[in-house]
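Worksheet: one structure, shown below.
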Amino acid sequence: MSQARLIWRKSLNAVMLTLTGVAAFGVVSILFLILGYLIWNGGRSLNFDFFTQLPKPVGETGGGMANAIVGSLKLLFLAALMGLPVGLLAGVYLAEFGGKMFTFVIRYTTDLLNGVPSIVIGIFAYTLLVLPVKHFSTLAGGLALAVMVVPITVRSTEEFLRAIPGSLREGAMALGASQWRTIATVVLPAASGGIITGMLLSLARVAGETAPLLFTAFSNRYWSPGWSQPIASLPVMIYTYAIAPYDDWHRQAWAAGLILLGLVLLANMGCRLVLNRRGMTRSV
Amino acid sequence: MSTTSTTLERAAPPGAGPRAFVQRLRQGDEVAHVITLVFAAAILLITSLLVYELWLQSHLSRAKFGWAFFWTSTWDPNADDFGALPFIYGTLVTSVVSLLIAVPLGLAAAIFLAELAPRKLSDGVAFLIDLLAAVPSVIYGLLGIFVVVPLMRTVIGPALKSVLGALPTFKGPNYGVGFLTAGIVLAIMVVPFIISVSREVLLTVPRDQREAALALGATRWEATWQVVVPWARTGIMGSIFLALARALGETMAVTMVIGNNPKVSASLFAPGYTIAAVIANEFTEATGDLYLSALIELGLVLFLMTFILNGLARLLIVATERGGGHPA
Amino acid sequence: MKRAALSMLLVLCLAVIVGAQNLAINAAGATFPYPIYSKWFDVYHSQHSNIQINYQSIGSGGGIRQLTAGTVDFGASDMPMNDDQIKEFQSKNGCGILHFPTVIGAVVPTYNVPKVAGDLKFTQKAISGIYLGTITRWNDPEITKANPGISLPGDDIVVVHRSDGSGTTFIWTDFLSKASSDWKTKAGSGTSINWPVGLGGKGNEGVSGLIKQTPGSIGYVELIYALQTNIPFGLVQNLDGKFVKASLEGVTAAAAGAAKSMPDDFRVSITNAPGATAYPISSFTWLLIPEKFKDTNKRDAIKGFLKWMLSDGQQYNEALSYAKLPKPVADKELKAISKIQ
């Protein structure tokens, strides 16, 4: 028995481990295909003008998406400001304080919110923030994105807080820390790697969303001062340019896609750097 | 005499006795409890408001069609006759297909990255995979049209037909666009979520769990599959929920590769339509209040579907819970 | 970090101050004329630097809805508002709405038939039959009799249409309703309809993408799109029985016929227009301007723009493959501008 079984187990081991490698390789190659496509098509029309000029009408070459880049940054800033704290604190509640029934309900609701199509969230933000004041605004767009940021942040915060072993919490409490101190100074930092990942994932997801912005932030061919005017954003520009018949616009759309990716990359790198420097990388 | 009293005074400022200390401790906790509770409740508030708005705006359509909306197949804006069945069907089919592809692929890749790959490689690849989540859906759509659709028409479709052509799911003409193509594009879009989160969760499994299994003579694979993965089960399930949610609500990429035909077909090669895609396509142009109301009712239907699917998935978790997960 | 934040704050404040002196006007509507509108608003802005007209193409229906809700100052649409929509606007805003045709465009049939290189001719019966699903093969007699020199294969016809609601669909289905009474009863016209057969592509891009990928397919796209992307398109039989290939001249000819009987509110359909050289699938596209404005600055800016658009603006049309308005129509519109208060 033992000899045959051992061979079976060993070969199963080899096969399965190889398969996981194949899967990882497959996914990574698709990734490189997409990135490569984006870089190839987008890189060709990236120039200094792209970052500094306003969009030009069709037929005139040049022109850029300076206002859309700033616009996306402003919108993401609002989404982070309004959505991340809600997600973080709600996740803390679910993991640390909640009772069984209530946490079940909240978790369920969060998953529901996550599944709502972005265009429905856009309609929701429209009826709430645009119709009453009769104009489109950056604020409305930021809110729509914030609503989308919350569910992903909540889920990942909760998951990673729960993954911290109870021994860590008990140790802190044995030393006299109150519950909230334990959470703030011991548990959260320990889970910060995963939590930051979740936050970045949520921001990355909304950075590329078009539908919720169509009825809230609208778009703008000019600069948008303040927070109550329509504002341009990279995804909406990509959408508008990609379905137009002009080659020049197509190239700009790819370039915008590349920029979007670049912004997210920078944000990712920045966060990792900060985490590393403070020594708050993965524990265990 | 005076020095002793001053020392005593300095050593005991007001409110520093043991009882007051404990009081402050508890107050801090309660405040924290209340604050986080408020934010958690805010999610309930937002969602209820959303459902309320959807309910309100769809009343015209609900009044006219009633429950028949769920099983009617027509979608005729000119005749003002609307039914949700083809869209429900399309949403379900594409989501299921995408998960069938993405979950095994994603989980396998996550296992590789968490368990087998050297740390630097794993971190580097995970970093790049996180980027995939930021690619706007329009770009996935364009890639779908230019890459996946021709592949489907020339390579994948014929291959499937030659092997599995007898099954009703693979019958019928293959245009390149259709349920299967949409499922594939969706799978590519959601696999980063599964890999990213599953990998992080797998990495949090304590090392001693693995070592204990290996010490007992398990092979690497056995230790991974029978000890590590079950430990991380709820986190992995969470990532699958995220993926499912994304698949159900995805609009732009799907509408570019699904053929946009509101019909129920058994074949995966046939063109179809999803709820999110039809809303995105027709909302901006919908003139007529009943038309608009029907589209919003579709949004409500999607909400209901998510509700039910989530419920079923949770039942699944409870059913498979064997006490092998990490402490709650 | 702090310094960066402070300077950002300063820039934002400056932006608010500077921005406050500009007159920002928002408009929304049809995607079809977006390129020419963006050109016009840009040129006008360079001539009147304090007027910023921000136009976004969210679709004709979206434009009408936003206009009625009051979230934009004026709208644009590829189809005129119908009576119900005008009544709704009136009840919500207390005044009427004026239509101003701006340019004329056309919709063309594009196809991908294996081994066929030349331009195909389509009779009115052929197109309606194909889209109704009654004509299913490329070598159907209705198609072959119009194309005597070309040998057509017996392949199935794969029909492609727009999945997103659009003015282009409206123009196409409006023509089909006039070409075939069967179509009118079975499907009708609109920006979104219940198509008897076919695959749906999103946007012009989606349709032409599908056609490129699918041998034996036929679809419809805007003329500008076909010209700019160099895809082959066919000839369509007009009301007089002649086969016309869409061109700026043919489109203007279609509009010229309508100019004689132009109603005062400019709401007219010019598909299937009479005239030997008229291209049958042409259409005006309109700007929708409220009759009364509360903000006199905005009103004057818009009136000024309309005047400019109808005279100097038209010279930019042809470079972007849009047809100019016939002079009698433009003159009539110039007179109508005075109706805006």
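Letters A, B and C mark the chains in the order given here, with residues in each chain numbered from 1 onward.
As a convention for this text, a contact is a pair of C-beta atoms (placed from the backbone, for glycine too) under 8 Å apart; a residue touches a chain by one contact, two chains touch by 3 or more.
Quick caveat, the model's predicted, so the values are computed rather than measured.
Peer 1: Can the chain contact pattern be summarised as a line, a ring, a star, a complete graph, or none of these (other)?
Peer 2: Per interface graph, the chains form a complete graph.
Peer 1: Counting only C-beta pairs in contact, which pair of chains has the most of them?
Peer 2: Going pair by pair, the biggest contact count turns up for A-B.
Peer 1: How many angstrom lie between the CA centroids of subunit A and subunit B, rounded to a whole number?
Peer 2: About 14 Å, centre to centre.
Peer 1: Measuring centre to centre with CA averages, how many angstrom lie between subunit B and subunit C?
Peer 2: Centres of subunit B and subunit C (C-alpha means) sit 38 Å apart.
Peer 1: Compute the distance, rounded to whole Å, between the mean C-alpha positions of subunit A and subunit C.
Peer 2: About 36 Å separates the centre of subunit A from that of subunit C.
Peer 1: Would you please write down the residue numbers of subunit B that are in contact with two or more other chains?
Peer 2: Expected reply: 280, 283-284.
Peer 1: When you check subunit A against every other chain, which residues touch at least two of them?
Peer 2: Answer for subunit A, listing residues that touch two or more other chains: 214, 242.
Peer 1: Which subunit C residues touch at least two other chains?
Peer 2: Those would be 58, 202, 206.
Peer 1: Which residues of subunit A touch subunit B in the complex?
Peer 2: 9-10, 12-13, 16-17, 19-24, 26-28, 30-31, 33-35, 37-38, 85-86, 89-90, 92-94, 96-98, 102, 105-106, 108-121, 123-124, 127-128, 147, 150-152, 154-156, 159-160, 162-163, 165-166, 178-181, 183, 193-194, 197-198, 200-201, 204-205, 207-211, 214, 234-235, 238-239, 242, 253, 257, 260-261, 264-265, 268, 272, 282, 284
Peer 1: Which residues of subunit C touch subunit A once you look at their complex with the stated criterion?
Peer 2: Of all residues in subunit C, those touching subunit A are 12, 15-20, 22, 24, 26, 28, 31, 34-36, 38-39, 41-43, 52, 54-58, 69-71, 202-206, 222, 224-225, 228-229, 319-320.
Peer 1: Can you list the residues on subunit B that touch subunit A in the complex?
Peer 2: Touching subunit A from subunit B are residues 25-26, 28-29, 31-33, 35-37, 39-44, 46-47, 49-50, 53-54, 57, 104-106, 108-109, 111-113, 115-117, 125, 127-140, 142-143, 147, 188, 191, 193, 195-197, 200-201, 203-204, 206-207, 219-222, 225, 234-235, 238, 241-242, 244-246, 248-252, 275-276, 279-280, 283-284, 296, 299, 302-303, 306-307, 310-311, 314, 326-328.
Peer 1: Taking the complex as given, what residues does subunit A use to touch subunit C?
Peer 2: 55-59, 130-131, 134-136, 214-215, 218-226, 229-230, 240, 242-247
Peer 1: Sort out for me which residues of subunit B touch subunit C in the complex.
Peer 2: Against subunit C, the touching part of subunit B is residues 74-79, 141, 145-146, 149-150, 153, 173, 175-177, 255-256, 259-261, 271, 273, 277, 280-287.
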